[in-house]
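The data blocks that follow each hold one structure.
Shared between the two complexes below is chain A, which has chain B as its partner in the first and chain C in the second.
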Partner chain A sequence: MPTNRFAHPRAPGGRAALPVGLLAGLLALAAGPPGAAEEAATYFRQNCMSCHTIGGGRTVGPDLKHVAERKDAAWLEAFIVNPKAKLDAGDPYALQLKEEARGAIMPPIAGMTPEIARSLLAFVAAESALPKSQFAGLEVTDEPFAAADLERGRALFRGGAALANGGPNCLSCHTVRGLGGLGGGRLAPDLTKVYERLQGRRNLASWLQAPATPTMRPLFVDRPLTNEEILPLVAFLEEAARAGGEDNAPTQPTFLLLGLGAAAVGLVAADAVWRRRLRAVRRPLVGGRHD
Partner chain B sequence: MNGIAHYLDQLLFGALPYAALLLFFVGTIYRYRAQTFSYSSLSSQFLENRQHFWALVPFHYGILVVLGGHLVAFLLPRQLMAWNGVPVRLYGLEVTALAFGLLTLVGLTAIVVRRLRDPKLRVVTSRADWVLYALLLLSVATGLETAIFHRWGSSWFPTTMTPYLWSIVKLSPEVGLAAAMPWAVKLHLVNAWLVIGFFPFTRLVHVLVVPNMYLWRKRQVVRWYGTKPSTANH
Partner chain C sequence: MNVRSQIAMVFHLDKCIGCHTCSIACKNIWTDRKGTEYMWWNNVETKPGTGYPTKWEDQGEYYGGWEVVDGELRIKSTSRAKIVANIFHHPHQPSMDDYYEPWTYEYKELFNAPEGPDQPTARPISMVTGEYIDVEAGPNWDDDLGGSPVYAANDPNLAGLTAEQRDQLAAIERLVFFYFPRICNHCSNPSCVAACPSGALYKRGEDGIVLVDQKRCRAWRACIAACPYKKTFFNWFTGKTEKCILCYPRLETGQAPACFHSCVGRIRYLGVLLYDADRIEEVAKLPAEELIEGQRALILDPHDPEVIRAARANGIHESVIESAQGSPVYKFVKVWKLALPPHIEFRTLPMLFYVPPLSPVMAQKEGGIVDHVSDDLFHDIDQARVPMRFLANLFGAGHEGKVRFALAKQKAVRLHRRALTVGDVSPETAARALREADCSPEEAEAIYRLTSLCTFEERFVIPPMHREEALEMMADPMEVKQATGFGFVAGPRRGS
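Let's look at the complex of A and B:
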């Protein structure tokens, strides 16, 4: 009988697993708020924390504490789902936000839906009611960084020191002035002035906790930088900004010239290696001269 | 969201790969079963040999190394990242890769010029060949542009493009990873899917039937009837 296929000795246990799983799921649903809050907190950490605090003051973007008192839910929800649409429509409050952020525009968040936006707003409201939110922001020292921090930051940026959670070194995609060698990557922006662009240590450090651009987010969401890495990197970028200017090392022609040189060597080598084989045998064959 | 761009991304990086891979597998298998003896590079070596050397040799060595590099980044991303963890090693790898990319360009350009210039060769060049050369030229050009202007690919490929390619394999394409790239990289990628889809209809099928045993078989001595013993070197 065909149904016998399912009468496997292990089947009862396998079947039992399903109701148990369902039950656990239902219990979690019934418990509601704790699970949902945890999920929202994770989402906030991965997508929002790089630019926003809850009760810690402005970083790149505005402090979100009691945000619901500043604007109604429908507006906030629409803005979170598509910040650029509000700006393009010339919405005065959106333009004011852009002004306050010195021109920085909130990037669209991949996969954002009105439902997620609503649960985030609920989460922010709950956190706003607390005496101190878990997202009150970083405490960053005003003391000058030590030379050791600088060196460590340089190694983390360039490679030579691996990132603890397995993320790629900054050099893969970014460059700063004075890196030496052939410089850094050109996939992403030059970071010489990022310290100025983000207006200082605290914003830069916050940003590095959970970089939220479409390119960086997927890389670092599972491999976040640790605080022991963020501070040296901030030290390194602060120093880079102090030196000023964009990355001005003439590395692009150097790299191309090295490649051209190596290719030329390859051609000469090929000519030397195959000089006799292709020309001394095959052409006489075709021409009918076999001697 | 920008609606049209969104659907275009889905089409080019989410749907096109599967269309290309389907064509590739169905096409190559069908052609091998139905027209086994058409599996050939259709070599034109005997028609013209002088320019051929400067076309064939740089192109094949170049493309083999460059494609091999892409394959390593796809299969061994962690090991590649570990190698690139030291700047000098990264620079060495990138310069080497760029040199082989340039050799590919030199070879491919010579291939196209040779076919254009020699009337005998134009006769044996099909429309599909010209389309293929255009696709390959675009591929090499955008690849070099990426290598030079969007450095350092050997470090960002394993962390960004490798997850994208594996997401294709796992049947849940993460289109966002590809869509966030600069346009040269996107063009390179789209073009690569087109080459894969077009593959079964071209002389590229010879890639699948390379007589690898030639590399280790014994030498063969060729003797000619009716002439005095050869003095040429073999």
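Let's look at the complex of A and C:
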């Protein structure tokens, strides 16, 4: 039986043993042994902290302090398990949340179950009762970033410097304007405007602490960015947004043309390298004759 | 001295009548399978002519064989570096068009055609695509000088001939040609073996037959480019290379290879040669004019006690040494110096030798009357219809001396026999000719017997192959017991 009661489904042995583990976890939480709260905190850090604080004010998502006083437990539990269903059903409070978050909606969390949701709510309630929660949010200065931070952020983004915990550099999947060359990866969204989308340093920094989207989460859950990396990255992305302009979609045809050009050069080079290849012997000898 | 035994061959070109029986015998046994339609492990070419595949002798086109670069032997078509650079494209591959596109005929049209004013015809169909084709080439398209303004005129061996000689070759009532049957030479320095990146080709230790391991062949086709005689072929169906196997299953049961067995003109001789494997590289690097003599020196005297002792030490069976002592090939190549290797300048040291053709003038047309030539029955060698230069390009690495010697000796033997049996040549003339050709009357008699009166047993001195000894070192000899028959022990498949 896994000892981590909030085992992520991808964790070894997690999938099959999860219900048993959860049951044990819930029982443990109800009884209140010290380990249970720690595991809930880890789960919160990995999945919720990127958008929520407890008593730190709104970031992308609302402050969760005393959330149980704002809405009843059944609604919250259903919303956590499947946020999209509530929105699709036209639930007025869910729509209001979306409005407040300027259109950002809560992503579904892989492996979320009503049991986990209940234990999370219990954890949030417990944290709300504290004078200062450990999830009161990141303090980010309002001072302009130093040029050195900017440079370091650029290096981290482009892969010039490795990430301390071994995560992949942003460039592998993302691009921003002004990267030069062929730009960055095109698997994931262009990050030129991400600073504006997330509305500022604090939200962006919080988000980077524990990226929660289905694609980012598995990559960074075990290899989180450190605070020394987050701030330069925020500086870099802030600068990218400030430089303004549109996302650099126009590089796409450039890429295609470049590819075609390279293919043509390759063919010409191959022809040059193998110019003495055997083309035909009989046909040139016979010429146009058919004898 | 590292003595090895090799099953070697001699083809006597003056005896070849160009009937292609050998080619058909081979095709019926070995290459009538899918993917092998275009292969002729044995083919008969007309010389002058461009042969099969077209102009195979022109290594400026095909890059076959070896060259000496800075005192090192190098394969012309590839190298360790080139094999990587050319991994997806070998630049020296002949196309099917350079061989020919094999075809059959739609025979059913001969029977199913509706009644009409015309004869029904069977149209040719490609055996590769199954489509109707216009036949443009065949494996002996230039047979008997067919299409000679294109084919014979482009024979690479014409290099160095004067315009006058070229004209005479093609002049009506003077034109001359001879036949040149070819199989794999089972060379002692095979470039196909050296070029194979998979190590699929090997020269069998006990008899020197060059074979392709169908399980190890990976379709690189490096051997096809590297063989200057173009005698390895790519089976487009199995994706493996195939080549002449010298009918080793027949040899192992004491029978001559099919092409030898079926030869109508009895031109083919087969027997064991003992040679010194330690000196192969040294000989292959000799200057062109020394190659023939070098290769002869490589071949060891099977009567020499020193050689016999070294052969025994190398595990060569007593019966093989005995067989080597009776080998007709040893006599033709080493004792009489009549047989010469084809294009030894390719430096693969072929183990198939040719007795160059004398092509004597037997009759002449004088004022509308065909008359036997008796005064100068056997023409002056240097005034022969086939220019010496041409034969030297083919059999002497461009040098005439060895070819002239072989022809002079043949002529002397003929004069000797003519003096004995017909008497229109004086004994003095015959004796002088023998002296000039460095040939004793006893040797002349022996040459005559082995050329003209030879029996099956004299032509084919096949050693016991002792496969039981070779096999027990390699694998379980019972592995394929009761699994006999033609074809593959395991069916070859692409990628397997």
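The rule we apply is simple: the second predicted complex is superposed on the first by the 231 of 291 C-alpha atoms of A that agree within 3 Å, B and C clash if a C-alpha of one lies under 4 Å from a C-alpha of the other, contacts with A are read in each partner's own complex, and residues count from 1 in each chain.
Definition applied: contacts are C-beta pairs under 8 Å (C-beta built on N, C-alpha and C of every residue); 3 or more make two chains touch, one makes a residue touch a chain.
Keep in mind that what you see is a predicted model, and the values were worked out from it rather than measured.
In the superposition on chain A, A:172 makes contact with chain B only, not with chain C.
By the touch criterion defined above, A:218 lies against chain B but remains apart from chain C after alignment on the C-alpha atoms of chain A.
When the two complexes are overlaid on their common chain A, residue A:259 makes contact with chain B while staying clear of chain C.
Set against each other, chain B and chain C differ in how many residues of chain A they touch, and the higher count belongs to B. Within the superposed three-chain model, A:272 lies out of touch with both chain B and chain C [touch as defined at top].
In the superposed model, A:74 makes contact with neither chain B nor chain C.
Shared contact residues of chain A with chain B and chain C: 270, 274, 276, 278, 280-283, 286, 290-291. Listed in rising order, the residues of chain B touching chain A in the complex are 1, 45-46, 49, 53-54, 57-58, 61, 81-82, 84-88, 90-91, 94-96, 98-103, 106, 147-153, 155-156, 158-160, 163, 174, 176-177, 179-182, 224, 227-228, 230-234. By the touch rule above, chain A contacts chain B in their complex via residues 82, 108, 110, 158-160, 162, 167-169, 171-173, 180-182, 184-187, 213-215, 218-219, 252, 255-256, 258-263, 265-267, 270, 274, 276, 278-284, 286, 290-291. On chain C, the positions that touch chain A within their shared complex are 50, 53-55, 58, 61-63, 85-86, 89, 91-95, 97-98, 100, 134, 136-137, 147, 150-151, 154, 225. Those residues of chain A whose C-beta lies close enough to touch chain C in the complex are 270, 273-274, 276-278, 280-283, 285-287, 289-291.
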